[in-house]
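The structures considered in this document are given below.
Shared between the two complexes below is chain A, which pairs with chain B and chain C, respectively.
Now for the complex of A and B:
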């Protein structure tokens, strides 16, 4: 497990990083924690000539209250985000998803922006980001631009970030008072999710006023289950009503088939997990989930 | 000389933390990969991506020109000098055994086979250059599916004309150990019960923690080989036999070795290639595999289809069992690969009194990685089949699975008992172990809860699984192995050296790779010789220090190696006795030995054996004709296998909506005779249980239709961790083994053998009322879900 030789640079600022990126172009890879990139390099699935480490850019770390949103620096670790009181209060779905993300070692090394930019459809953060309507702040040689979550994920391991750009911040709109649940289905603990469902709901008494649902590993990108969301709005948070809405979960999905399950099984799982996630987010003591 | 010692605490039976763990856990020790020699070169292997192909050309030009590359060698370059990987157990006289050249020059027969080796000054440079070796392959049709291969649809080795390596049979009517199985089946078809099933033993990967590594130093008079192996002694013999290098010119050292589970019971191509390259270049070389290479090319385990016919009367008394196996050997017959299903042949009758039994295995060559011993080796497969069948029989008769077992098992007053497979079980008490397991488990309460959940139609159903296993271990009586055409004996050797300072060095021919020999053997010596535990040093795993040995596998080290040690210690005491008599001016007949001291009966006159060791070293005052050494050695060959047994009970919850299986409770009562160190036993049982549970639920080596190992990393080969298991409830009953003085039975494989059927029985039990009577392993959520919904996968 020895990677091919590469040059390593660790810039101290975003501007320096952008210069390094423009200099080395498609021969460079950004490392932002390394929890996905290092295995790729060690297994020689990729052999970039340059590795640009964002780990020494302090301005990319930390969580700031932006009024109607929380702004998470791209290099903030999962551990920091998962234990942040503001995130817990205003974006509970993120807290719930990070609690299920990999293991403690990965959560301490891996970063929020790194995982999202890697855009693994089986990653745990894409579905919450889509469900919460996060905005991605991307910086390049010609300045800064913002991309919405619906446009950020382009394809398998592909995002709206261009080769000469860096993801610097993720803005998560506040969902204060919304319930949330992340239902992750795995066979063993350290596995990527076979399917996972991220749900967050705003209750009005016993009625689901609004719901946001994201799907993990149900297609080439993290998906948003808009048909489910629409069907849930204004419904009572009963098992039957939620189940009826959850039946729409497979709509528009294109799940993979692999050793852990065929596509049709994944569609079935998405339906079951959506029902369970929504009921849990609504504070209903649903059926015991295992 | 005064005798004011405190009464010694018995070491045998005492929880002792393992003395080797500090260095093993911190890694500050001699793992093979930690060894660095002056001028050492590094190897990287070029492996075939195809399961079956002709090598039409290899271009090494670019690789040879790469930075710091010393040599790039192909099979043609190494030629006959590379020796061969040997098969030590041809199970039948006419076994078809493909020649196994470590690095072939003409044809590859599995994906992962080595076609070239790069030698460079650093491991990174070797790896870089390996990417530059260009190999032209002409793909050949590959034999991949076991059933198709058995019918010779595609030949794994076209030159051999068949894929069938061997057909090995046992029939109790022919052997005179029981009745005719066809008669029993015919009779059962008329008013009795016949259960016919086909079970799959999926292919598994041993997945030891330390990847394999080998260092070869050809400088000096001997060639020294360090290898992460379970079998330094056998490896030395195999290298010598296959290369023609004199055995006395080869020293093999297994330094600290990080696990094996049978996976390091092999003479590997990598070791042979490193040996050949080191000799050719005259320089020390090192090869350490990557985890991916390990999963791909270290031998795999299991991989059988089992066709089973169980005959019983209408009350569930078994009248006969017929077993027809297909066993996938992979593309070569590994060192004992063909013998693994044969070991299983003796275990299909398990703890039961089957009147008639017939077994046949067809060993089949395919274009996949070779298979060989993996924790339990044949016995888990057999135990799985019979314990699954007993549950099916219980369901057919309509009684509790424990009741059906009790109707058929050997009662404790019937020991010793000669089984229908011809083994003599010396001791056991299935009633006692079962009673204790039931009590720990809360069996009746869980059965009641299961009934309630079924009644309510809960989404999460409860299932209870039973496994009452036994196994044969402690390989083994040499003459029995000889009768099976096994290539070696089953004895073990030990030596005890009394040092002048009173310390004791023990040399064992067993070769620890994580078992805790240093601790357990020290406890035996401390008790038997009456010296402090801390004063005993155990030396092993080096053919120059331990010149005789048959190494570690098959739960044999304690029951064979430990017994050899007892005999060597007894010789030390016998040799010390005349010296003690001489120094104490007493008659030999007036001496007694206990607590490490010889005392003159009826007096307080005495002398410690360690003091005698000092006196013998000085040799100033020895009786005439007595040699100036207490050192002693012994070789022990057991008269029988030993037969640990136990009752394992497992409860699982099955989510009928998703098929997810969750462990709820696991209770096991094992009977392994006298326990030397309960803490080590608990560790063996815990690890074994998880490995067996993993076969039931998680692990499977999967090849695709191109012969590529899909589960080639831990992303897809689902090795569990502590996070995936529950806390186990364990206890023991004690039926001492009657054929060794320690009364001990092996425990290294018990957990793995017992747990797999316990778990699958529980899964099937949870959903049997939904019309399910089998789930293929591993019981993935998808398979369980499809079974519930009427379509198997």
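Now for the complex of A and C:
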């Protein structure tokens, strides 16, 4: 399968990329690592006239410590983010999710910003980004703006990024010392999750002081399970207490039905995975592995 | 047409190509490097795995223009110039880490990458590290044995060179 013919440009700076984008408008697609776009082009589900490659823009790569947050350049690969000591220390949930994302070869090419901008509801990074309250830095012809994680994901494969804008950086607030787990349910290794749950908790002794929970593939966008978070606050990290809180996971969700399972199955799965993820994040042993 | 310059298995090459040309197409159809095979053509099976600037990638899911300026190593560049097999190739041979052999080039390239990052992987780590590579014969047991045998060989080889000639390009 070969993509339809297109013109190609690989700008050396964000400004150049923005100029190319305004010139070619809706005839153009941006390629980051290409791990989601190239299959789409090869299957001819999309046939842009122009492909704008961000791969030569060095300023979009790397991870910087911004004090209260870590700033991840949009073109930093999953492999780089997943092996970064600072991310591991301050945003363990991201490390855990990336370990479950696709496979080694895809993690070498795929980028943090590309995956988030693609906004596949079954993508593995949206739920952690929402759970951690990431901020998305978006650059356009008229400057730079910041969008919070709760407003970034708009609909299926749709984000707050306008057609003439580029996602340049993702800022992840530090959650130093928080436990984390990403529980992903798949039928086939390295595939997209049927459902996945991203949980990170701040413990105070045996008590869950604070919890943040994100849901993957439980609606058109990655979701935040605020009802679970509220129910967990101040609870002991026991099987019973966590299971009771996890029962709220389906609240506000609108999961799809497909060959992997119908919506009710996914709602059930979300409660099971939430319980496991929160207990694992709280450091409880004996959690059944998936 | 777009001009690309890259190094493939130690050789510098330059070509004018269509931007839509996939790296695997370029390797096979322009350079004749048919050792890298196309399996699923949907970036699922990993049979087309090569190293791009030292990291494993699925070459059916990379545009050749994206590899401009890069160094590519294929299964054909893994053995030493005198024909001595790479320890991972040797171990696949010794352990019969294949049945039909179609997935083998990708399995070996991914195994080399895996051992670079984890020189002494557990069986579970090998299976996890190869999760992006499918064997339709389901011959995984001997593949895993081969990777662990290669790990032993490579760690026992002290500081000797364990990478193929194709990787030592300036």
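In this text, the second predicted complex is superposed on the first by the 288 of 290 C-alpha atoms of A that agree within 3 Å, B and C clash if a C-alpha of one lies under 4 Å from a C-alpha of the other, contacts with A are read in each partner's own complex, and residues count from 1 in each chain.
The rule is simple: a residue touches a chain if its C-beta (ideal position, glycine included) is under 8 Å from a C-beta of that chain, and two chains touch if they have at least 3 such contacts.
As the structure is a computational prediction, the values presented were derived from the model and not from experiment.
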item	value
Touching partner for A:189 - first (chain B), second (chain C), both, neither	both
Touched partner set for A:1, first chain B, second chain C, both or neither	both
First (chain B), second (chain C), both or neither touched by A:34	second
Partner chain in contact with A:261 - chain B first, chain C second, else both or neither	first
First (chain B), second (chain C), both or neither touched by A:108	second
Contacts of A:10 with chain B and chain C, given as first, second, both or neither	second
Contacts of A:51 with chain B and chain C, given as first, second, both or neither	second
Partner chain(s) touched by A:269 [first = chain B, second = chain C, both, neither]	first
Those residues of chain A which chain B touches in one complex and chain C touches in the other	1-2, 4-5, 103, 189-190
Of all residues in chain B, those that touch chain A in their complex	123-124, 127-128, 131, 290-292, 459-460, 653, 655, 657-658, 660, 662, 697-698, 700, 702, 710-711, 713, 715-716, 718-721, 723-724, 780-782, 785-786, 793
Chain A residues within the chain B interface of the complex	1-2, 4-5, 43-44, 103, 185, 187-192, 194, 258-262, 265, 268-269, 272, 287-290
Touching residues (chain side chain C, partner chain A) in the complex	2, 18-22, 25, 41-44, 46, 49, 52, 55-58, 61-63, 65-66, 68, 110, 113-114, 129, 131-133
Chain A residues within the chain C interface of the complex	1-8, 10, 31, 34-35, 38-39, 41-42, 51, 53, 55, 79, 102-106, 108-109, 189-190
